[in-house]
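Take this structure, written in structure tokens, and hold onto it; I'll ask about it next.
To keep things simple, chains are lettered A, B, C, D, E and F as they appear, and every chain counts its residues starting from 1.
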Amino acid sequence: MATVKLIEYAAASPEVRTVYDDIMATRKTDWINNFWKALAHHPPTLRRTWESIKQVMAPGALDPLVKEMIYIAVSATNGCEYCIRSHTAGARKAGMTEAMLGELIAVVGMANETNRLANSYQVEIDEPFMK
Amino acid sequence: MATVKLIEYAAASPEVRTVYDDIMATRKTDWINNFWKALAHHPPTLRRTWESIKQVMAPGALDPLVKEMIYIAVSATNGCEYCIRSHTAGARKAGMTEAMLGELIAVVGMANETNRLANSYQVEIDEPFMK
Amino acid sequence: MATVKLIEYAAASPEVRTVYDDIMATRKTDWINNFWKALAHHPPTLRRTWESIKQVMAPGALDPLVKEMIYIAVSATNGCEYCIRSHTAGARKAGMTEAMLGELIAVVGMANETNRLANSYQVEIDEPFMK
Amino acid sequence: MATVKLIEYAAASPEVRTVYDDIMATRKTDWINNFWKALAHHPPTLRRTWESIKQVMAPGALDPLVKEMIYIAVSATNGCEYCIRSHTAGARKAGMTEAMLGELIAVVGMANETNRLANSYQVEIDEPFMK
Amino acid sequence: MATVKLIEYAAASPEVRTVYDDIMATRKTDWINNFWKALAHHPPTLRRTWESIKQVMAPGALDPLVKEMIYIAVSATNGCEYCIRSHTAGARKAGMTEAMLGELIAVVGMANETNRLANSYQVEIDEPFMK
Amino acid sequence: MATVKLIEYAAASPEVRTVYDDIMATRKTDWINNFWKALAHHPPTLRRTWESIKQVMAPGALDPLVKEMIYIAVSATNGCEYCIRSHTAGARKAGMTEAMLGELIAVVGMANETNRLANSYQVEIDEPFMK
């Protein structure tokens, strides 16, 4: 159970409904997941976070599937269960195959390992990497 | 300065040189960066880490540039300066444009934010994300 | 289930009971939460941790509610479910309104985002911040 | 040195200057710190991050000094040097005394310790904390 | 439920069975825990991770019990529930007493606290520590 | 430069000098490292932290060298440069050989990797690990 009451559409203020409507229209779905229903506890955070996500996850120089996989990489590194599960589902919907997931997780694992190897030995940065 | 002595090629044992030679051949370069020279302090870690990186970063279901960007995402989340700098250089060499870098970092930032929003409210996982 | 047996008051040694009694007296409650019952597995850790918490969370230059909110901020950043839930309950008891919680979490989210933006670009520290 | 070129006011596009002007007006200063000059590398991230920070850090149910201290708590937990230094400077400017800083850091330290004690023993959440 | 299907021995490919057989032989057990059944979703990750763990956790300059305790320390710091529970079980099997567990966790807690005290004040490194 | 003034022995209050004297006596040295000089900015934190460290790092069920290595493992995972360097020096002084350091760091690296593999796939905990 969340630490705040989830706000369902039927109980939402007009300000919150406007965001919910935009989420459903943008994602071509009739469903709002719990993350947004929790943020609705504080409407300015709901609106700001949705506007930011909508901007950041839109197609651009990177395609949406790559963005979803980056989201998984960060969420796995931070150990956020909600985000790992929701973005793994999102990436699969966006076309991620099981082979792609396997390689993604392998890279996430190795990066977490080598980050700590570099930390542990306090490796000094090579001059060419400072340019 | 690293906490261990960096092993230069000239001072390296045959076992270490074999790894260095494979790194230079695989990367088509005549240069070994400090990370490997620090790992050479413990040859089994040098060999194992290189074999793992070589396998994990090779082209496959994901292309090498996407893999480099995932590496940046993890390293930025962990705050590993060496890894952020070396993989930003590596991703640029592999074709990452400045627009791609900008979008990558924007996703990394938002994922770190929403990971903590989900944590903070202890949002319960939606049933469809459990399938 | 915890990885160690929780020590109930009835089963506790005199040394552990002394700490439990002080927790209940200080907090004006007749209840010991599981965190302390787990620490009681190692009595020196129980006593030291309680003495430290008692000192650190007492009113001083910062009021106890601000301290509870700082605890939530750290716990959400680390993703510690037990600590998020217990300190959210504690902060509400100390007077945190839902509006205050909303703003607190918004700051926690943004700080986690901008920490990674600063990391990602390896922004150099401005001279005035070094004074 | 940052991994991207810092954009100075004189070299900035009109879009970037508009954000810089708003930062200086809001903060009543004639100075832009390096964080924003790095974000200007990707103008949508600059604008979005500034609009978010302006909203989140404004006075509300929590006063700006408390918000600055929460920022320090998160940044210290994540180990972000830039953010620790800039927000410690910001909090002092907003009125944080040395005694307040001392207590803030003491709470941050203890929270990081007890988060790991709770993790280590996998303490189960008490029923009253689930309400 | 994991985000990928767990691969049971009966349903495993010959490549996966070879790894499972080696795990059981090395650990003198007839049981495969879920971690490996999940990795089997991506056989190259299963094989590489097992080969690495087998090498790294073998007796050497450090004995296996110390290695298991280091694993707990890292896992508790990262908050990985699976790893905390599996390595706490593993360390007990390798001879860790309850007193040893209590001291281990106390050190993990203090290290996490003092890491953040050092971060918070941005303590400069003493010259003798740079040698 | 630290964000607070380092307190040298000559300028220290009697309360701070008492702690400094105990540090030097306990460690059989005539030198105080910067960490303590920064904590002296807030004397209650200095005293409490030193008393805790003295208790936690003393010989017990685990020997001091193992405790120093656990400190390195946590500090490398958190990326705390000050703590990595000071405890690597401390562990060497306590008898850690270069081979031991190499194996320690190898375990730290693998634990960080497998923590994220377990997170990424959200591996469910085996029933035997819940006992």
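Please note the rule applied: a residue touches a chain if its C-beta (ideal position, glycine included) is under 8 Å from a C-beta of that chain, and two chains touch if they have at least 3 such contacts.
Small disclaimer: the values here were computed from a predicted structure and weren't measured.
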Neighbouring chains shared between chain B and chain C, ordered by label
A, D, E, F
Comparing centres built from CA atoms, which chain ends up most distant from chain B?
C
From the C-alpha centres, identify the chain that is farthest from chain E.
D
So, in whole Å, the Cα centroid of chain A is separated from that of chain E by 27
What whole-Å value do you get for the distance between chain C and chain D if each is reduced to the mean of its CA atoms?
21
With chain centres defined as C-alpha means, what is the inter-centre distance between chain D and chain E in Å?
34
If a residue has to touch 2 or more other chains to count, which residues of chain C qualify?
1, 3-4, 41, 44-45, 48-49, 52, 56, 77-81, 84-85, 99, 102-103, 105-106, 108-110, 112-117, 119-122, 130
Can you name the residues of chain A that touch chain D in the complex?
1, 44, 48, 52, 55-56, 130
The chain B residues in contact with chain F across the complex are 3-4, 41-42, 44-45, 48-49, 78-80
Chain B partner, complex, touching residues on chain A are 1-4, 31, 33-35, 38-39, 41, 45, 49, 52-53, 56-57, 60-62, 66-67, 69-71, 73-75, 77-78, 80-83, 85-86, 89, 97, 99-100, 102-104, 106-108, 110-126, 128-131
Chain B-touching residues of chain C, taken from the complex the two chains share
72, 76-77, 79, 81, 84-85, 105, 108-110, 112-117, 119-122
Contacting residues of chain A [partner chain E, same complex]
79, 84-85, 88, 98-99, 101-103, 105-106, 109
